[in-house]
Amino acid sequence: MSTVVNQGGPAGVPGHPGASITARNRRPGERAIRLGLFLAAAVSMATTIGIVVALLVPALEFFAEVSVIDFLTGTRWAPQFSPATFGVVPLITATLWTTAIALLVAVPLGLGAAIYLSEYAHRRVRKVLKPILEVLAGIPTVVFGFFALTFVQATILRDLFSFQTGAFSVLAAGLVMGIMIIPTIASLSEDAMSAVPMSMRQGSAALGANRMQTSLRVVFPAALSGIIAAIVLGISRAIGETMIVAIAAGNQARIVEGPLEAGQTMTGFIANAALGDARVGSLEYNTLFAVGLLLFALTLVINFISIRLVRRFREAY
Amino acid sequence: MTSETSTGQDTTHTGNGRAQTGVHIDPSAVKTGRPDRSLSDVPDPVIECKGVDIFYGSFRAVSDVTMLFGRNEITALIGPSGCGKSTLLRSLNRMNDLIEGARVAGVIAYHGQDMYADDVDPIEVRRKIGMVFQKPNPFPKSIYDNVAYGPRVTGMKVDSMDDLVEEVLTRAALWDEVKDKLGQSAYGLSGGQQQRLCIARTIATRPEVILMDEPCSALDPIATAKIEDLMHELRDDYTIVVVTHNMQQAARVADRTAFFTARPDEQTGDRTGMLVEFDRTTVLFTKPADKRTEDYISGRFG
Amino acid sequence: MATTADAARAAITGRARGGERSTRSLVFLLLLWLSLLIAFGVLVTLIVTIAQDGAGRLDSGLLTGYSASVPEEAGARAAILGSAWVIGTTAVLTIPLGVAAAIHLEEFADKKHWFNRLLELNIQNLAAVPAIIYGMLALGFLALLGVQNKNVVIGGALALSLLILPVVIIATREALRAVPDEIRQGSLALGATKWQTVWRQTLPSAVPGIATGTILALSRALGEAAPLLLLGGLVYVTFDPNGLLSGFTTLPIQIFNWTGRPQAGFHELAAAASVVLLVLLLAMNALAIFIRNRYQHRW
């Protein structure tokens, strides 16, 4: 019945077949594939090196002409004026305003959503709510920007509340950015809270605590490092967000003293400067990369803090 | 970068590299638990273990095992959990290479060839020595593709894959049950059928030895009986090593049985597995030489 | 005796001060609901206002017209086609690279080796680097090559590929990790090599998870504008992009451009184009969720 050519099978192992288990030239094809896979993974490393080089080279040219101290402490940002001044403080104040406003919105709402999803919602409810949050996370930032400019700033802040504000404000940009960050904070915090072992909740309930007490006094502290990591990642996203602020926060680089003022953030400056026709190698072009380097360094530090915190809560459970 | 390379340094050889061929054990030197018996009646051994220690990192899971696996015999490894029997089994076709930090000292030889020598390819070893696992693990493919997978990946020259599939499924006593649904997913089969499919899958690559790691522990008694019948059938063509926690099963199917136990290490307190007694099944179960064996088979321990 | 029993019964039936129905608990729950309500309320408001703003321009002209100086004549044809070109190219660049990197990290790499740990940390960080930085990377790279006109399809795709590569890698790793070890062991025990095991068993089993993660990553790229701004992606495109070196604009860039114009007609166009973009993204999300629910193995 068998038509198998290789009849070496079970009975066909004569005298001393052991030699056949030795290597067949170490499988060169397999080795080539592994090398290819490794190189693919190494591309991510090349990306980081590429980012650092791409930012550093023009930024160093910039700092050859402008001192680092003047750059970091100067309070007047006027790269296109003459004499040009390059104090980055105005850009930083605008970034701080939008980021702070965004966090005021996103932290309470994101954590509220996370506690509800992790501690209160039934499995079926969660299955409906989470995709909706994912949709919110998937709205393009340029659409959020349009919404901030035409609805939040014009319709709500100016027409409805009659605030004394122009066409742009850091408040409108910050509020909408906060809404944008809610899914980030909610989903990471929910992961952290869901990772808290059920036995802790049961122990708390057995002592007569209700859900609110269990959530706030047992689950929340136990998941704290993961929750902080979520907030830190939210900060990183707020600082790096570009389109909302480029559209709705305004384009004048000046020190922002109140939420209803317009202002240009670091990312807003990069986006706007990119629209101009800066020649490669010119001071104007290099300025872009100096601000980019500052932005990258800031988010790098924040990201590492977040990654460390996430690892800590992963190890805990 | 890889865990597939030959693991660890050998402690029983001197110099670089490992002995390659001509590793044979003097059967009379092997303790069987009884001074009057030796391993000299094991027929034409296919796999030989000599002074085998198995480590996970610094933890010694198995200590100083010497035994033989005879051609066309069923050898059962029994003992309480944690006695290292599954660990030993996985070292017999280098599946333990996949566990990080696992290392074998001593000699495990296949037809006199040291299986852990530098020039041995673990993949070739596994093509000669197949394995069936505790939990049936069919691939998420059709029944046909599950069987054809091994011949395809090993590059076996096959005239007609259809005929081969029919042959091995018949051999595994599964053909009549599945012949009309070869294209359907293997996940639709019952647990017992899945396990027989895994056996069919293993024999499709024409191994010489089949290792079975508690193959019936996830199955009901009827499915278990079918697998045991199948093992008897397969014995004519294959050398079988089976780990079982079920003593009756060992008594029913095995020609020879090895009893292992675990002994706490005096210094570290780690439980290290060791071979207590190895003999013909009938002898081991009726006239055990060691007190520990007797306690175990009479149910006083484990 | 009877009084003690009554008291005990009363204690477990009444509204205990710290019970599930105490005022504080209910207010707390209300606040939690409010959090979700606000988030979803804004989502609905956003969609409704944009649909209203854009309703007047949701016509065939939007799909067939090119950029124009008067809003009535302008359309998003070039932007839609540009988005298709850039995202298609991004997918071709990213998917093989991301999947290969994930296979290396998940199936082959010695996870204790310092370099692989560094790779892992690096990928986590890259996933959180601001999008606009990737635009600066692409800009610097093209400047290094001496490319004069940087607004080409391949340049935009390069920036977006590097942007979503970490996301694809992370999603693929999770999908591979979800494949049970028994499948790998079963294959290896038959004498398959490690690569054969990955290619024929692990990877096919992980395809639904990889597809879901990749589609979501591509939808992020589709909505992203910031990196493309740096490549000068605001050009006035009045032709269909036709190749990797063709000039292009994309939907998000076009929306940004129209939003920045003073005439109300362009704002209407921006809203209409946003509706098109949202519909495309929702379709991609729905496809991803469908694949996840329909094909994901339950092990």
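By written order: A, B and C. Residues from 1 in each chain.
Just so it is clear, a residue touches a chain if its C-beta (ideal position, glycine included) is under 8 Å from a C-beta of that chain, and two chains touch if they have at least 3 such contacts.
According to UniProt, the chain labels map to these proteins: A = Phosphate transport system permease protein; B = Phosphate ABC transporter ATP-binding protein; C = Phosphate transport system permease protein PstA.
Here the structure is a predicted model, which means the values were calculated and not measured.
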item: Residual chain groupings, excluding chain A and keeping positions; value: one piece
item: Best-connected chain pair, where connection means C-beta pairs in contact; value: A-C
item: Rounded Å distance between chain B and chain C, as computed from the means of their C-alpha atoms; value: 48
item: Gap in Å, rounded to a whole number, between the CA centres of chain C and chain A; value: 13
item: Averaged-CA centre spacing for the pair chain B and chain A, given as whole angstrom; value: 51
item: Chain B residues counted as touching two or more neighbouring chains; value: 1-2, 123-124
item: Chain A, residues touching no fewer than two other chains; value: 27, 34, 38
item: Junction residues of chain C - those touching two or more other chains; value: 108-109, 193-194
item: Touching residues on chain C, where the partner in the complex is chain A; value: 18-20, 22, 24-25, 28-29, 31-36, 38-40, 42-43, 45-46, 49-50, 53, 96-98, 100-101, 103-105, 108-109, 118-119, 121-126, 128-137, 139-141, 143, 162, 165-166, 169, 193-195, 216, 219-220, 222-226, 229-230, 232, 234, 252-253, 255-256, 259-260, 267, 270-271, 274, 277-278, 281-282, 285, 289
item: In the complex with chain B, residue positions of chain A that touch it; value: 1-6, 8-11, 13, 16-24, 26-27, 34, 38
item: Contact set on chain B toward chain A in their complex; value: 1-2, 21, 109-113, 115, 117, 119-121, 123-125, 128, 156-160, 163-164, 166-167, 170, 206-208, 237-238
item: Partner chain C, residues of chain B touching it in the complex; value: 1-4, 93, 95, 98, 123-124, 126-127, 130-131, 133, 135, 137-140, 149-150, 153-154, 198, 201-202, 205
item: Touching residues on chain C, where the partner in the complex is chain B; value: 108-110, 113, 180, 182-194, 196, 200-201, 204-205, 297
